[in-house]
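Chain nomenclature is as follows: A, B, C and D, assigned in order of appearance, with residue numbering initiated at 1 for each chain independently.
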Amino acid sequence: MASNTIATMKEKNMQSVKTASQIGKVMAMILTYAFLIVMAIIVLFPFYWMINSSLKTLDEYRQSVPTFWPKVVMFSNYAEAFSAANLGRLFINTMIVGIISTILSLVITVITAFAFARLEFKGKNILFAGLLATMMIPGELFTITNYSTVTTFGWINTYTVLIVPFLVSVFYIYLLRQNFMQIPNELYLAAKVDGTSDLKYLWKVMIPLSLPTLISITILKMMGAWNSYIWPRLVANDDAHKLITNGLRSAFTETTGDVNYPVQMAAVALVSAPLFLVFVFLRKYIMKGVSRSGIKG
Amino acid sequence: MKVVLENLTKVFPNRTKGGEDVVAVNDFSFEIPDGKLVGLLGPSGCGKSTTLYMICGLQKPSGGKIFFGEDDVTDLPPEHRGVGLVFQNYALYPHMTVKQNILYPLQNLKGEDKLSKEEMLKRTVEVAKLVQIDNLLDRKPSELSGGQQQRVAIARALVKMPRVLLLDEPLSNLDARLRLQTREEIRRIQQETGITTIFVTHDQEEAMSISDMIVVMKLGVVQQIGKPQNVYDDPANLFVAKFLGTPPINVFEGEVRGGMLFIGEDPVMAVRNVPDQKVSVGIRPEGFILDERGPLHCHINGVEVMGRDVSIVATNEASLNPVVRSIISAENKVDTSSGTVRYSIKPHKLFLFHHETEERIPFEV
Amino acid sequence: MKKLLAMLLVLAMVMGLAACGGDPASTTSALNNTPAISPSDNPGGNTTPAAKGNFTVPTNGYDGSDVTITFYHTMGSNLHDVLVIYIEEFNKLYPNIHIQEEQVGGYDDVRDQISTQITVGNQPNIAYCYPDHVALYNLAKAVATLDDLIDSKIEVTRADGSKEILGLTDEQKADFIEGYYNEGRQFGDGLMYTMPFSKSTEVLYYNKTFFDEHNLTLPKTWDEMEELCKQIKAIDPNSIPLGYDSEANWFITMCEQLKSPYTSATEPHYVFDNDTNKAFVKKFRSWYQNGLMTTQTIYGAYTSGLFVAESGTRSYMSIGSSAGATHQRPTAVDGVYPFDVGITTIPQADASNPKVISQGPSVCIFQKSNPQEVVASWLFVKFLTTSVEFQAEFSIASGYVPVLKSVQTVPAYADFLNKADGGSHISALSAKVCLEQVDAYYTSPAFNGSSRARTEVGKLMSKCFSSPASNEDKMIADAFEDAVDECEYGQ
Amino acid sequence: MVESKKQWKAWLYLAPALVLLAIFTVWPIFNTVRMAFLENYSGLKAAGGETFAFGIGNFKKVLEYKKFVNCLKTTALLCVATVPISTLLALLISVALNSIKPLQRLLQTIFFLPYVTNSIAIGMVFAAMFNIVGSFHGTQNEIIATAGIVNNVIEFFGGTAVNWINSGSSYAANITVMIIYIVWNALPFKILILLGGLQSINKQYYDAAKVDGSTRSRILWRITVPLLSPMLAYVIITGFIGGFKEYTSIVGIFGATMGPPDDGGRLNTMVGFIYDALSTNSQGRASAAALILFGIILVVTLINLAVSKKNTHY
């Protein structure tokens, strides 16, 4: 075999190859970091601009030539944002809606995903395809019909109307089903053999195994409550139930209909902070949750 | 292409603050002659895989040098070393067919090694024939059996004519029957290609059966290097003796008094010019001879019939193993009625080891 | 994956089949609990003066029963405080009428919210509205006509024993500013649908210090404005002499000033594609092309920001809402304003036919199954729109203009007007200028789609001003045609 | 017996989800379909007692609209541009993030930030960044108060300022701004999914690839991407489904005019068309447009599924 011919060729440029690979490695590292830093800057810049705008006086904000840093730094904007939109109350409302809807939706997602992943029944795939199809319809059309439904139920201006309609989120069922399907069938059959009921099996085996996914679903679901706008304004706009985004939109309109943008930006920053902290602390879980689900095609 | 390791060491920094570092490979020097098949042998965690990965370039040594022929490849990345590696669980690319898996390394060749498309294909079919999987070229790895996947992994490692072929516990994932067959395959392939090959295993039978030379390791330190038969017949210390051979060697507490080795009270064998001392005595199962007037006596537990041979299971107070097992040819009848059996010992099957250092003590009969 | 593919196809067919089975009877009408309204000739019909309103006052007027009235508005926090005080005043007179006011957001939020609520029948009692909002609600004939209430002579006793007639006395009716009052009546059927709540108009802000320095005269006509802009451009070539806030207002105001058609409450609605309008658009285009004028959308920032700038690119005149006076003033440097701001009326095409837009919210009352709710709502609306004290205090706080003429005699308001100056009391100056042109206000016809007309003419103006064109006339003609098509499609 | 018992139990588990879906998703779909086939149906007119003929008038009306094709073109263009770009960028960022140790946590958190912020503010910020304050573009009197942050950066690097979103700006410039904004918004979710996927790939494939001497880029395209293909397929499919419903991002930057001042409506999308119809309460036309949009998304998703089926591995 020709193994020794290749050997001789190798010896000839051994030195150049060694240095070349050294440089290659270092270059690659520099390129990777440069690329990541540039992308990070592009992602971060709007935030810097948002904070910058939130510290300006309304007049300075309205000037033709935007300034890179406020001439008069208005920390009071944050205080005003908190009081004018009574962010405190909005926070509580959003937390109540967020937590309750997350818990209930988690329960529904788990048992639905369990049914899709584990139990065999007629029409399972048609049903699941149907679920996926609903993701394709633009939500605006549902608002009108759902509004008449909830009014008939008499749910207007209650927490129920903010929670119940969105308990079923197809994406999370899909995510969890993928995760459940990765748990080997033998475990389920073994459990069946020694008589554990479905619920016990679900509780004792499946949930612990897919805990990271459940945690990431919880976090992502909480964030959903933060951003919803059109529906809450329509169905629960009184102070006792108003959510963050509604509060933000309406709280800062001036008499002339103009919006005091700096204070609104401050409010948005205040609202984003807790969500951001939640992510920073639970980052590991979110990551593991998503990867564990290993979304197969 | 001979491979030279010069006091190769590898230290893993201990993650926990307090604990000291783990020395995975400790000052390992060894020259693997060209075209030889060498087995790195030892219990798990003895540093054999780490050594393999250092030779391959996937692990950076903490100290020492590695030479392929005259070239110092210590700091060279794997792709420039001309090395072929077969992973324990094959690591075949699941999304590629067998042909694509084998072709892949060839497509990476650059510069003057670059081959034309036809040559690559010819080389692939050639190596597939060599490992007898030329009929599976269009299959996906998930459709193959363990043995077949093993052979595809070997083909992929061989196709770019590496200077050194490395195998990481190649047989551990196979069932018993397939293991024997594949073992022979590897031997045959290595003989035909004449490529210097190093393979790692914890199964001493596997290493002994096909290696030209074996290296027995323990906790990162080399215990002994040599031809399998020599190491078996002339163990450097008690560990090597105990590690090689199935069924394992029988070990007894013994004492040398006045040129005579005593096991318990039985004067088993004269050992000239060995100073009086307590010793550990190792006797190979095939080293026992049935002999009513034999010096060594044991209490019989039972007899296991193994076809050509018979294995007598007995106990002896001085034995460190729970039972003393001997292998006798099936012709001589074993009279178990009296409950005891007497043996005499083939001198070259009996080894003396220093009681504390467990080093071998040579003796003439 | 293959299975998923097949399934989605099946689903699509299922959806298609369901379509044919839809029952025409709309479920919402079943829920609709507004009383069976005797459909007077529909609002879109041609104007028959004595059309009969859709609400008749019950014989006993207001029976003092306990009633809760919801009031949707867009008031910011400072105006909200004024409203709350006067609700307490109102409750002193009518303790059983409980007012629940709610700030829903901007004007569009109010419109979207109510139009969805009407389909289900739980719309509020009273709401802030613009004319085209009411036109939209009237698709469902949801707004109560006020004629019967205004003319009602039925007596109502108040908590403090005093009495008032339910409707408006002649003095009260005469006290309303003509232009604002008539806005409630231009829905094509001559019926009264809204009461003016608080109004604003457009005024011309100018840099008084600069004008005095170069003794420039204020422009009365658009031609004088063109000359003035050229003069200013000569003095400061780096400036944009005039900034006009809203293109749509400018277009509609020009149509009124030139008495050329814009829209009509009856079919065909969109009649602004004519030569007079194309002419003035072309003239103003030349202004833009010669760097004399810009608008907010084209400039890309607030024209008020341009006007208050003290260096770099700036403007010396700014036509904008009278309510936004505080933004048309430079920031004071330890109490001293860098330049004095003057306010005057906007130029007119024909001095004998002065026209200026009237904006700002009106209020409308919605049909309810319990007529007492409508009557109680009317009492509250009447209280706010005829109470001189409320109008004065609300105007001072909002910078809006009161809807009643006699508000000028209220000491607090008179005092407010006297303090008018170009600096700290600029809102007062703006209010004074508005009061000067009381009888020049016009409002354009309201119908479903009138807000779309406003948007389209606004887009039309900015397109004609700024888009490069070799053949200007063709570009302008196409733009007009395109705008009319867009409006008619929206019908 | 066991079989039917299991059937019953399965439906029990599905009951809560199915009931809620029936009320708040399935019924609205049917109602939408019903409204779509009631000729120029309007909720308010219906509340006023008007009845409507049954037919396909709404669909004809939607297709007649002069600028309907334009709405379709803009929607499709934005979709076809942003989905691949954001997926590719997300892939590169995830691979880069996965290959470094120091700073990995910090960068990962930064890249997730956009997911956490309220979309109102971000729209305004992007508009401010691309907005040129000034007038008379294209005439000799051109006055620029400020060319906007992005242009300042471009000029800093020696380029010439571009009229991105103001009057006189080109369709291409407008689309570029939209693509940047949509990609910026789409990145965090995609990175989350792909990074998750990367971390579940067996490390040994990379060792094998290294031994086989493949370069960094070959490892990426011949090993990482195929192994990530199920995740990539998922991200692309949902990307298209979301992409076709693009509307709020355009309003965020161009405001209600949905285009530069001199050509309002140029960037109107399908959902934009639906909102225009809703603003004059013509729910019939809006529903018809929504069904057409649903049809398009369905077809595109089916194509995506077929394509991804072919080259998704194991």
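By our rule, a contact is a pair of C-beta atoms (placed from the backbone, for glycine too) under 8 Å apart; a residue touches a chain by one contact, two chains touch by 3 or more.
In this text the structure is predicted, and so the values were computed from the model without any measurement.
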Can you give me the shortest step count from subunit A to subunit C, moving only between touching chains?
1
Which two chains have the most contacts between them?
A-D
Please flag the chain sitting at the greatest distance from subunit D, going by CA centroids.
B
How big is the gap, in whole Å, between where the Cα atoms of subunit B centre and where those of subunit C centre?
93
Distance between chain centroids, defined by C-alpha means - subunit A, subunit B (Å)
54
Which integer distance in Å separates the CA centroid of subunit C from that of subunit D?
36
Taking each chain's mean CA coordinate, subunit B and subunit D are separated, in whole Å, by 60
Touching at least 2 other chains, the residues of subunit A are 64-65, 133, 144, 249, 297
Mark out which residues of subunit D touch at least two other chains, giving numbers and ranges.
29, 31, 43, 133, 145, 229, 294, 298, 301, 308-309, 312
Residue numbers of subunit B (touch at least two other chains):
77, 79-80
Pairs of chains, among all present, that meet the touch criterion
A-B, A-C, A-D, B-D, C-D
Quick check on the complex: what are the subunit D residues that touch subunit B?
202, 204-205, 207-208, 210-215, 218, 222-223, 226-227, 229, 313-314
Residue set of subunit C touching subunit D in the complex reads 1-2, 4-5, 8-9, 12, 15, 18-20, 22-29, 32, 34, 37, 39, 115-116, 118-119, 121, 136-137, 139-142, 238, 240, 288-291, 294-295, 297-301, 306, 312-313, 448-449, 451-452, 455, 459, 462-463, 465-468, 485-486, 489-491
Which residues, counting only subunit A, touch subunit C once they are in their complex?
59, 62-65, 84, 125-126, 128-130, 132-133, 143-144, 147-148, 151-152, 156, 233-234, 237-238, 246, 249-250, 253-258, 297
Contacting residues of subunit B [partner subunit D, same complex]:
56-58, 77-80, 83-85, 87, 89, 91, 93-96, 104-105, 107-109, 140, 142, 156-157, 160
Looking at the complex, which residues from subunit B come into contact with subunit A?
1, 68-71, 75-77, 79-80, 82, 112-113, 161-163, 193-195
